[in-house]
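The structure appears below as structure tokens.
Chain IDs A, B, C, D, E and F follow the sequence of writing; residue 1 opens each chain.
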Amino acid sequence: MSEGKTALVISAHAADFVWRCGGAIALHAEMGYRVTVACLSFGERGESARLWKEGKSLQEVKDIRRAEAEAAAGVLGVHELACFDLGDYPLELDRADKVRLVDLIRKVQPAWMMSHSRWDPYNTDHMYMTQVALECRMVAQAWGHNPGEKVLGAPQLYLFEPHQTEQMGWKPDTFLDITPVWDKKRAAMEHMNGQVHLWDYYTRVAQQRANHFKRNSGGMSGGRDCTYAEGFESVFPRTVDEL
Amino acid sequence: MSEGKTALVISAHAADFVWRCGGAIALHAEMGYRVTVACLSFGERGESARLWKEGKSLQEVKDIRRAEAEAAAGVLGVHELACFDLGDYPLELDRADKVRLVDLIRKVQPAWMMSHSRWDPYNTDHMYMTQVALECRMVAQAWGHNPGEKVLGAPQLYLFEPHQTEQMGWKPDTFLDITPVWDKKRAAMEHMNGQVHLWDYYTRVAQQRANHFKRNSGGMSGGRDCTYAEGFESVFPRTVDEL
Amino acid sequence: MSEGKTALVISAHAADFVWRCGGAIALHAEMGYRVTVACLSFGERGESARLWKEGKSLQEVKDIRRAEAEAAAGVLGVHELACFDLGDYPLELDRADKVRLVDLIRKVQPAWMMSHSRWDPYNTDHMYMTQVALECRMVAQAWGHNPGEKVLGAPQLYLFEPHQTEQMGWKPDTFLDITPVWDKKRAAMEHMNGQVHLWDYYTRVAQQRANHFKRNSGGMSGGRDCTYAEGFESVFPRTVDEL
Amino acid sequence: MSEGKTALVISAHAADFVWRCGGAIALHAEMGYRVTVACLSFGERGESARLWKEGKSLQEVKDIRRAEAEAAAGVLGVHELACFDLGDYPLELDRADKVRLVDLIRKVQPAWMMSHSRWDPYNTDHMYMTQVALECRMVAQAWGHNPGEKVLGAPQLYLFEPHQTEQMGWKPDTFLDITPVWDKKRAAMEHMNGQVHLWDYYTRVAQQRANHFKRNSGGMSGGRDCTYAEGFESVFPRTVDEL
Amino acid sequence: MSEGKTALVISAHAADFVWRCGGAIALHAEMGYRVTVACLSFGERGESARLWKEGKSLQEVKDIRRAEAEAAAGVLGVHELACFDLGDYPLELDRADKVRLVDLIRKVQPAWMMSHSRWDPYNTDHMYMTQVALECRMVAQAWGHNPGEKVLGAPQLYLFEPHQTEQMGWKPDTFLDITPVWDKKRAAMEHMNGQVHLWDYYTRVAQQRANHFKRNSGGMSGGRDCTYAEGFESVFPRTVDEL
Amino acid sequence: MSEGKTALVISAHAADFVWRCGGAIALHAEMGYRVTVACLSFGERGESARLWKEGKSLQEVKDIRRAEAEAAAGVLGVHELACFDLGDYPLELDRADKVRLVDLIRKVQPAWMMSHSRWDPYNTDHMYMTQVALECRMVAQAWGHNPGEKVLGAPQLYLFEPHQTEQMGWKPDTFLDITPVWDKKRAAMEHMNGQVHLWDYYTRVAQQRANHFKRNSGGMSGGRDCTYAEGFESVFPRTVDEL
């Protein structure tokens, strides 16, 4: 068991953590990790088209999206869903917002962190989020930031899967078998009622990544069966005692 | 213990496996891996300047380099040193040579393989070796190559550290702590009498990589002490059950 | 109608043209293009695991794979399936083989050509094929090669979708709606009996690319519905009279 | 004819739209497009050396540059020249400025957009402009931004030709024949009196791109004659029904 | 002699200019260059772990770091150490701070400038600093910025060596022999009491770069002996009269 | 004066050395360098369209191209024009051909070498030539290749300007002022009668590069006037005593 271990997912919009790493969250939660999700916005302006078409107000959209995110987080076994409610399209953090994120990082002391791809010409919130994640990780490591607090070590920053991966220059180096928790991911996705068309899209993503899992674990000679997987790109090198 | 596990290092010239991954070899040998080293040439023409300056003949140079490689392999705990003796500067493999390498790969059935960087404008033997390693890995995976033989799974191909890393576009993603076997690596290096100036060079490389090991394992907050390390770049993604 | 137009697909192994551009072939055939497929090998050694497991001989494997390729080509409306039968894993062309490919290029005078991705560490036949395609395209353009023959113009070379796109550094810049011919592509795929697990895999690929088609044609404001699509990367720039 | 179609060029400084895409503007204007040019600054500080050497005041420089830009726009057939007058060296947009640009994008509803290269170490205004263009394109697509307004589809963002292309990592994928409107582009350039040395420079650029147009449309076998051309890099993939 | 020549080093934190280009500073100072160092922060929060562990206050840390930087600068022969005192982790410059840096650039009129690598996921201050250096270099070149002042020419911007070079995508194209001034660099480093572990680290860096200097100046046939060197990456092309 | 200095240009086809570095050759010849040009083929098949259209035979084409190359070399002051006559489209070197090139490199002992860009999808001869140049440079450095001969040091390998630079990923880092020898370059180009359309094309290239020379040597504040220039990309780092 991994009792006491922690992880932190930093998601620009409410649903990103569901589509892109819901399996990783559920799997690690089952292993005993306390997984915190920082949700910087509800994706209320840019990722809630259906609700706007229905004539909802901004507050209604946010309320609905929050409720969906909370429900999804519940299914996934999220330890804490920290909603920053900073607005989207564009997402912008001022100094105080960043300090709040640093505080959260320090509180969680994650074994690993996770955020968006480095480049996304379709969605500048995503690449901005990653840039902020790197900045806040650095500040959390500084002994002179709020001296006396426990400083952050050097957790990996995984970049979860963006939409249209090739356009983002995103290259997965790690495939995680999420078959044991697939039902939870699917259930969590089905809480995102405004983006129904993505339920099957990200189901297929998980199936394709499972094929890649099998190929890279042995292919046609010993490849391990896997039905659903997620892919991640690592920003930092690993340190190991065995290759 | 890792009894029964195997690994395969593919080295263009006799000394490459010593400078670039001697620590990985010794460490895994101590863990119980049977590590095979394929030495495609002795580096007789291109990496034996001192011997030529002394007026040695080609056969003498090769004999000396072979003896040095064998001595180094012995110190490192190499299970088998397979000397292909194909010549260097340039190294060239014909179809039969490649089949021989495929046969070796299949015989070893390595848990991981290792070779040179993808690009090396200083030494085209190095990048050629990696290209051949990829081709032979592929052939070893083919069910129709020598049907009936056990086909290869999907072992990682690590790229060990080239000289002047930045010029080669080589980027390590894995640091291995070789402190426990450092004495063996240093002793192995000291068998390479023609390249004495590299003993200290690669000692310093190991010290710098140890600094990187510490930084990436926690830095100034929990980074693990490490005195000597080696770095590797992975060609293929990993498949895991926990991040 | 595009009567009189031609296209040429250069496929390292028998099935590549089915999975990777079967839709483009069928669609253009329906538009009146005569589409020629050059099949350099049957993928007999490397992509016929099931047949080898059943104990088939090399000749049997090739015969079966040829029959499957012919059946698939028939369904797709391929004008000519040129089987070079050069062997695979590895695929290698000598000078005469390349001249044969140049002759075919000149005979076809394609409006566009198509081949594999530039880089493929899993399958060196694929990247070798593209390198040969570029070389032969160049020779076909030379006025001094078989003087008197009609020389080649400057057809686009599209790179069709590899497996594990991100690992290949492949980035699609063109999405083609293949919905109208989907049934043909699926039927052609179902002729490839040795790789049943890929039928659904490449069906899902087509579904995901359809999502990308819709996003890039307008997304949530005017994006065109599309159920199945294929993606391609262009090697050369386009020349246009309107953006 | 393309009556009713629209396009939007986003230019950091007053003259960029003339040198870099004057031909595209004039050509599409002749085809019936209404082409809007957003001119974020007059290039008054950084691209008006001659005027400053003559002792002009800031207001005088801006007035002269505005007049030149308007004259050039007139020659090119620009539908609307929207001068934001935000200052240059550096150019900076606050939230309100960006909203103004979003409003313009929504008003125009462009079939395609155009801006600067992604990277420019000589001129950080240029790369900043492209980053802002991507952000504002995203906001204009958001159903929750000014709900009720017509949201933006997914227009291509072309990147026009920077100075010293290779230093910017700019790679054209589209060449446009501007021969029919060359006189207009040259006339427009001749309105930019402060940068006379660029008139011939960008005439030569157009001649070189015409050579590339010919090469890529068929070269020495069927290449179409072209005397003047412009090159563009596409950010997003195309969606097509025929290759 | 180079009397009258000047250079400008832009350092995010107090110690960067010592580790990364202390040799270049001392060497050029000995040649008669007046070398100015702009120190944007003292690295008080992020690079002074030892002092914080000792319980020092922010002011004490800054005072100590300033004193160390001044001592190091003195040893290296720095003409002027301009401490901006803007804070670190994160470092942020507002418009007035940038104007101050532009003023300094114009005052110095450097033959060359120097700053950090373009990319640094470990330390976002570093890449931010380079971005600001490029922006301020551009503004300093603008005839309309403080008209009447002498505008900047086109000095090279060298990027000095980051920690973990390969992770930063930094590639040196210039090696400088700093053997004659090594004692000064070592002495300057020894003034940085909070980072004692880096003294030997950067001594080894200098030794490795000396090996690269020798290799690239002739290697085993005429390579020039060199005991300590520094490496730099150039942002801009060189202009020469002889290759 | 540079009496005694030497340089070596390796040109895949007869005319490449004229268009791409004729200025560098003439300039260094005037400075006293003995410049050798290795012309691997006459470009008889692929770059002599006009002659083939006139119905010339292969031998006639080669004779004419040789005569043109000799005339051009004469004008440029080439010390030795070594015609390998190996054929083109494709150019291929066997082991003996490569040894011949190694012998030439050793005979010349060049201060710098020059060849084609690394990547060229339009012309695979070009990128093959560079690969061979790197391999032969390496062999020429080997003490065990023809022991007793003077081995090669570590000359820079410059990559001269390809056609359509951006498509080749070629990035110049060095601009050379060739104004003093422009008349020679133009005269040499005018000996290439089969490619008249390139005379003005490469004249414009030289004019554009002169603009870049001026910008990078100071731009609008001290940039040196230059009328014609050539650009080059360096493969290896420089070693210097002053930045």
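Throughout what follows, a residue touches a chain if its C-beta (ideal position, glycine included) is under 8 Å from a C-beta of that chain, and two chains touch if they have at least 3 such contacts.
Given the structure is predicted, the values throughout are model-derived calculations rather than measurements.
Asker: Which chains are shared contacts of chain C and chain D?
Answerer: The common neighbours are A, F.
Asker: Please report the smallest number of touch steps linking chain E to chain F.
Answerer: Counted as steps through touching chains, the separation is 1.
Asker: Using Cα averages as centroids, what's the distance between chain A and chain C in whole Å?
Answerer: Taking the mean C-alpha position of each chain, the two centres sit 36 Å apart.
Asker: Counting only Cα atoms for the centres, state how far chain B is from chain D in Å.
Answerer: Chain centres of chain B and chain D, defined by C-alpha means, are spaced 52 Å apart.
Asker: Of all the residues in chain F, which ones touch at least 2 other chains?
Answerer: 49, 122, 141, 143, 167, 172, 212, 215, 220, 236-237
Asker: Can you work out from the touch definition every pair of chains that touches here?
Answerer: Applying the touch rule to all chain pairs gives A-B, A-C, A-D, A-E, B-C, B-E, B-F, C-D, C-F, D-E, D-F, E-F.
Asker: Can you check the complex and tell me which residues of chain A touch chain D?
Answerer: Answer in residue numbers: 44-46, 48-49, 52-53, 58, 61, 88-90, 92, 121-125, 167.
Asker: Going by the contact rule set out above, which residues of chain E touch chain B in the complex?
Answerer: These residues of chain E touch chain B: 49, 122, 163-167, 169-172, 197, 200-201, 204-205, 207-208, 211-212, 215, 220.
Asker: Which residues, counting only chain B, touch chain C once they are in their complex?
Answerer: Contacts found on chain B: 95, 98, 131, 134-135, 138-139, 141-145, 147, 157, 235-237.
Asker: For the complex, give me every residue of chain F touching chain E.
Answerer: Checking each residue of chain F against chain E gives 2, 7, 24, 27-28, 31, 112, 141, 143, 150-154, 156, 158, 172-177, 212-213, 215-224, 226, 231-232, 234, 236-243.
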